[in-house]
Amino acid sequence: MIEYRIHGRGGQGSVAAAYLLAGAAFEAGFTCQAFPAFGAERRGAPVTAFVRIDDRPITLRSQVRAPDYLVVQDDTLLLDPALTSGLKPGGAMLVNSRKPTDEIAANFDTRVVAVPATEMAQEAIGKPIPNTALLAALLALTGDLPQEALAAALKSRFHGDTLARNLTLIARAAASVEAGAWQKEASDA
Amino acid sequence: MVQDSTRLNGLRAKHGRPPAGPHEPQAAPSTLRQGQPRFRGLEAGHRACQGCGEALAARIVMENAGPDVMVANATGCLEVFTTPWPQSAWRVPWMHSLFENAAAIASGMEAALKARGRNTKVLAFGGDGGTYDIGFQALSGMLERHHDVLYVCYDNEAYMNTGIQRSSSTPHAASTTTSPAGKERMGKRHLKKDLLSIIAAHHIPYAASASVAYPADLARKVRYAMGIEGPTFLVVHSPCPLGWRHASALTVEVARRAVECGLFPLVELERGALTNIMPIRTPRPVVDYLELQGRFAHLFDETDTRAIEERDHLQALADHNILTYGLAGTGDDPVDTTGIAHVRRGGPLAERT
Amino acid sequence: MREALEGSLAIARAVAMAKPDVVAAYPITPQTHIVENLSKLVAEGDLHTEFVSVESEFSAASVVLGAAATGARAYTATASQGVLLMSEVLFNIAGLRIPLVMTVANRAVGAPLSIWNDQSDAMAVRDAGWIHLHCASNQEAVDTTIQAFRIAEATELPVMVCMDGFVLTHTMEVIDMPGQAQVDAFLPPFAFSRALDSADPRTVGTLVDPGWFAEMRHSHHAAMGRALGVIEKVDADFAKLTGRASGGLLTVTGDPDARVGILAMGSVVGTLEAGLADFGTEAGTARLIKLRAFRPFPARALREAVAGLDTLIVIDRAISPGLGGIVGSEVSAVLQSMTAAPRVLNYALGLGGRDIPESVYPALIAAAANPLAPRFAVFDADLDKLMPEDR
Amino acid sequence: MTMTRLTRGAWAAPGTSLEFKTGNWRSTERPVHAHAKAPCHAACPAGEDQQAWFAKLQEGQPQQAWRALVHANPLPAITGRVCPHPCETACNRAALDGALAIHNVERWLGDEAVARGWAYPVDTPAPDAPRVAIVGAGPGGLSAAYHCVRLGLNAALFEAAPEAGGLLRSAIPPTRLPRDTLDAELGRLLALPGITLNLRARLGRDVTLDGLRDAFGAVILSPGCELPKPWSVRGAVPADLHDGLHLLRDFMDHGALPDAARGDVIVHGGGNTAMDICRIMKRAGANRVTLITASALPGPNTARDDLINVVPRELEEALEEGIEVIEHATVSRLIMKGSRVTGVEIVSLRKEPGPDGRKRRVEFEGTERVLPVDMVVPCVGEQVSPDGFEGVLDGAYFWPDDAWGRLREDGVFAIGDARGNRGTVAAAIGDGRLAAQAVAARLLGGDAPVADLRPERGVAGLNTAYYPAMRRTAVAKLPVAKRGFETEIEGGLSRAEAMAEAERCLSCGNCLACDNCWTMCPDSAVIKTVEAATDGSHYVFDLDYCKGCGLCAQECPTGYIQMVAETG
């Protein structure tokens, strides 16, 4: 089972990102589970969402306490000391930021990749919504799910021009990172 | 609205309403009661008090609304005295749920009928407690959602079913068990809620007040409302001999004086605009109305200056109604007297005009 | 067809497949998504129903009552305070023996205000006379929703489908959605024999005097007793059609030979299953009892399910202050008549949305092994946070 | 009876409340239909039930109305002109917006019957039916003859004058009762088979009472009053003193008055004859006509027994025409210059109760004053001419023992003005009907007639809220300047006006079929039915459900429903 924790701010589509990731897993033939950390937060407040992916039915319903990966949709959240709590040894963190990866990685003792997802989205779809670009990058980095699965998940959500732009976006985002950089050891499955 | 006349004919034959037209067959009645030339929606044998204004009003409403109707009835006297298991005085589908939800039950009925493609009209009945007070929210919701329901409030100006407690409809200075007159208090301290204005502010097609003292007018208003698709509202002044403390024979007389003095104006509002009134050309003094009722007896202690003041206050309220609604009428227009309960040989005069 | 769906959306689609004539609802988190999704189906023309956007839960319940009494297949959903605001109507619906279906997205009841999941709401109306079915997953919630219409219409009792708020309603997971043809085959059109009809007028909601009220309650109770069989049969029929059962009255899983049993309702069952799988070997195995029918209460099935246990831990997702757990108390009561009844430990868990981790499993097993374990506790409460007198 | 089983959810079947008889709750009173007399009916000397015939008019059936009317009064065209209509005085509508114009509608019906030739609703008596002798063919005798025929008897009228009509012809001027109207209605009545009229047959001269008693089954005496009553004034009276009745007859026969009538005239009296002579003299050129009367003019404080006994309308017209009236006075003495009267002394008086409780006239000393006059006309009443009635008269009049006019002489009845305390055409007509009833019972067998003792429904017993305001129909009158000696002064009603006036009838004490009881019963305990209602109403009470609240009685406009104590 692979567990993900997505950090963002209200309005950035963190929950949608979780559902999209789970949807991609489903499209790839896995079981999945995605849910937000339920709260009464309003737009702008920090929010968290969780994703579990497995090849067996998932019964566990607790929040993800020991994620394999973190996705951070807003680099201002990096200041939160609890951000990486529970991150599994050997885990990794994908951050949406215009800063270079190295500058961010310097502050963490884990693998970090930074992607300017907001800018990519602004450019491709005309909206500063970073989630699909980040997911594409995540899939490229981990290699756990094919890009086609994400494309299929997007297709169940978007249509027409929006879909086309999003497909362009994820292709660009996937290409912006090193494919398979976070490929897990076979034994880790 | 397309009426299924075969179905209606069957209903009429079954429940005794006279044929609406010569083409409709009339069932041969087997008893005098069955042969009555009116729809007996509210049958005899109910357990209302002697001279009950609400029973009278409901009977008249049913006659003019039935038979293809169904009723949602709020908790109250009307519900209790008509439906002591295993008996029922109703000849239409009728349902009681709770005190405060008649309008919502009616909404559900109407939604179900609409979904099932039926034309049966839904009525909702409540007393003043169930309408002015506890059921007010549900009523407002029903009106706002524009359900095709005629809501009838039988206004007897207190919680009679539970033992004559004041409601927001109780008139100023009336003595009830929770607004008793005493050394410090002259009955209810507050005013009667102007519910009709609030209802009319929902911008519904039709809202009107009526009175048991004017049955032909009440009948006309019911029929008018029945002809409208959408929410309509009637508040019917229905004296309670027990709660108002007057002789049972005086129910209609008391109601008539309430109208004649201006304390209970009979008006019609369409889409919030005043479209008709029943004129009172020579208003009666309010004391003529008050003196018949024990609930105002404390206002007739001539040694008590507060009593005189409250009487004057009620007179001023009546005068205010007369002015606000223009009840004094204008000119010599004969139409200006429609609705007055006049009779002539063979029936009410209003039915012929 | 298997799909990855958020629970609320899946429920909305299940309801739509049941083709309700009337839907009424008032927004309250976490039920809101269900009615939003239903509204959307109506707006898109995918669902032909009278959708009544009421001004309160009280009216929501009243509208579906009026509609169902008039022969409509009716549905509503609510949660938490909404259940309590409805409560007067809920008693009425059941007492009048009106079949309809309501989803409760279970949630705590204030004060203090909590928007998060537990089962206080459903427990507060457990005596209203409704059938209560608790779902452990969104798959069960979907299947139970469809079954609920048939149960309600067969028994002429209202059915409350309970699913944990957020934990299920807001979770996307893989659900095998029944097809419309399957649902149509399973659920015939609603034909209510007592429907209000001006061609056959009935008076509903009469005043029943002391000479008859006891018989009224007795008949209601008897109907609930008969409903036990209906619930099992409907689930079996559904399984025949779809290959999926939703757990009848209750389901026993885990280690059949274990001396410790854990009984729970709702989504916590899945976490316990995960706990057994991950920690069973080292902490000890357990028999897991998933209670689906809370009302009617399946006393006989429960006694059979616990036979041979030394200790039964009953998880409550609500408490009755001054008594303790509610499910636990009821389980204790029905086990009284057993010759070798297990010791019952009753622990409240996850109140007001407290996350229940997988690690709760070994902790429970440890408690079962402790002869001094308290009979009742709010298991995951941190007593250090309390004033001394409240510990 | 099958055991009731609890239905699912305790639903109940429709209309099953009928099993619960709420009539058990009625403990003190129950409603009954009480057909009381309308005040008009109670007040009518002729015995008409005006309410009943107005009901027919309201139904749009004038002929039926007329038939109901002539059930009591066969001469409506006449009484509709000459009657002082106490019915209108009694009418409950007076308290609302003016009494009904009963009198005018009656005249219209009478005229309509004549114009359309409606047949009287009577059958021809058998030729061998008993025969009744009737002395006098004035209104009383004619009424008696008519009712005898109506009841199956043959009637023979014996009239001293050459024409029938009595005072209708001799004492009522054509301006009040045109002669063609009189002739038409009398002619129709006299043409009825079963009535024979013997003219110029004077009792005591041409026939005798004993002879009539021998030849007929019964004798009804209706001679009227032909002799002026003696005038009691102190002192001398002028040689050419003319009493009012003769002056009137002379004027109607010859069209001339004495010369003195051109000056100032005083008429002493208080009846219709006095009023008629006042007006004729004024119109004939008298300078000034003053009526001296012991009674009072109508006013808010006028006691009923003090009111001047004239047709109110006539009084009104007289005042319009300039007749002066001095009320509460009498002529005490004449002041003569030779044989000519030059003045009258009058004195104030009042009717005061005496020691026996009966009122008598008391003159007040010191109130005497003198009025200068050229002529004085006593008009203080008439009495029976005694010829042929020796031994039967009691003083100036007959005083029968009962309402039916039975005299001590077996089979002899006395009616009309000759009874001494009557004084109107209507009273004579009523007497004729009653006497005929008694005679019929006597000659044909059957129960003797009994008095109708039903109560009268006064305005307090009505619920007047239900009657729309409707103004009384006014009739046209000749202007004073155009009033002469032949043309009828008062106009009639049109059909539309008569029908509209009928709509004003309150139907006091009788069922209006207005549906109020049916509509107002909260318990549906009033059943509307024409077939099952045996009392002429349209409703029956279903006492199985009546709780006795009294609403129906309270809201009955006509007072037809009364609450009576529950018995048993």
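All chains are identified by letter, namely A, B, C and D, in their written order; residue positions are counted from 1 within each chain.
By definition in this document, a contact is a pair of C-beta atoms (placed from the backbone, for glycine too) under 8 Å apart; a residue touches a chain by one contact, two chains touch by 3 or more.
Predicted model only: the values in this text are computed from it and were never measured.
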item	value
Between B-C and C-D, the pair with more C-beta contacts	B-C
Greatest separation from subunit A - chain, by CA centre	D
Length of the line joining the C-alpha centres of subunit A and subunit B, rounded to whole Å	65
Rounded Å distance between subunit C and subunit D, as computed from the means of their C-alpha atoms	91
Whole-Å gap separating subunit B and subunit C, where each centre is the average of the chain's CA atoms	44
Between subunit C and subunit A, distance of the C-alpha-averaged centres to the nearest whole Å	34
Two or more partner chains touched - positions in subunit D	10, 12-14
Contacts with 2+ other chains: residues of subunit A	none
Residues of subunit C engaged with two or more neighbouring chains	96, 201-206, 208, 212
Arrangement of touching chains [line / ring / star / complete / other]	other
All touching chain pairs, where touch follows the definition stated at the start	A-C, B-C, B-D, C-D
For the subunit A and subunit C complex, residues of the former touching the latter	18-19, 22-23, 25-27, 31-36, 38, 40, 58-63, 65
Interfacial residue positions of subunit D with respect to subunit C in the complex	6, 8-14
Contact set on subunit B toward subunit D in their complex	32-33, 35-37, 40, 42-48, 50-53, 55-56, 59-60, 82-92, 215, 241, 247-253, 256, 337, 340-349
Subunit D residues touching subunit B - in the complex, by the definition given at the top	4, 7, 10, 12-22, 25, 55, 58-59, 465-468, 503, 507, 512-516, 519-525, 527-529, 532, 540, 542, 544-545, 547-551, 553-555, 557, 563
List of subunit C residues in touch with subunit B within their complex	21-22, 24, 49-50, 52-56, 58-59, 62-72, 74, 88-89, 92, 96, 196-199, 201-209, 212
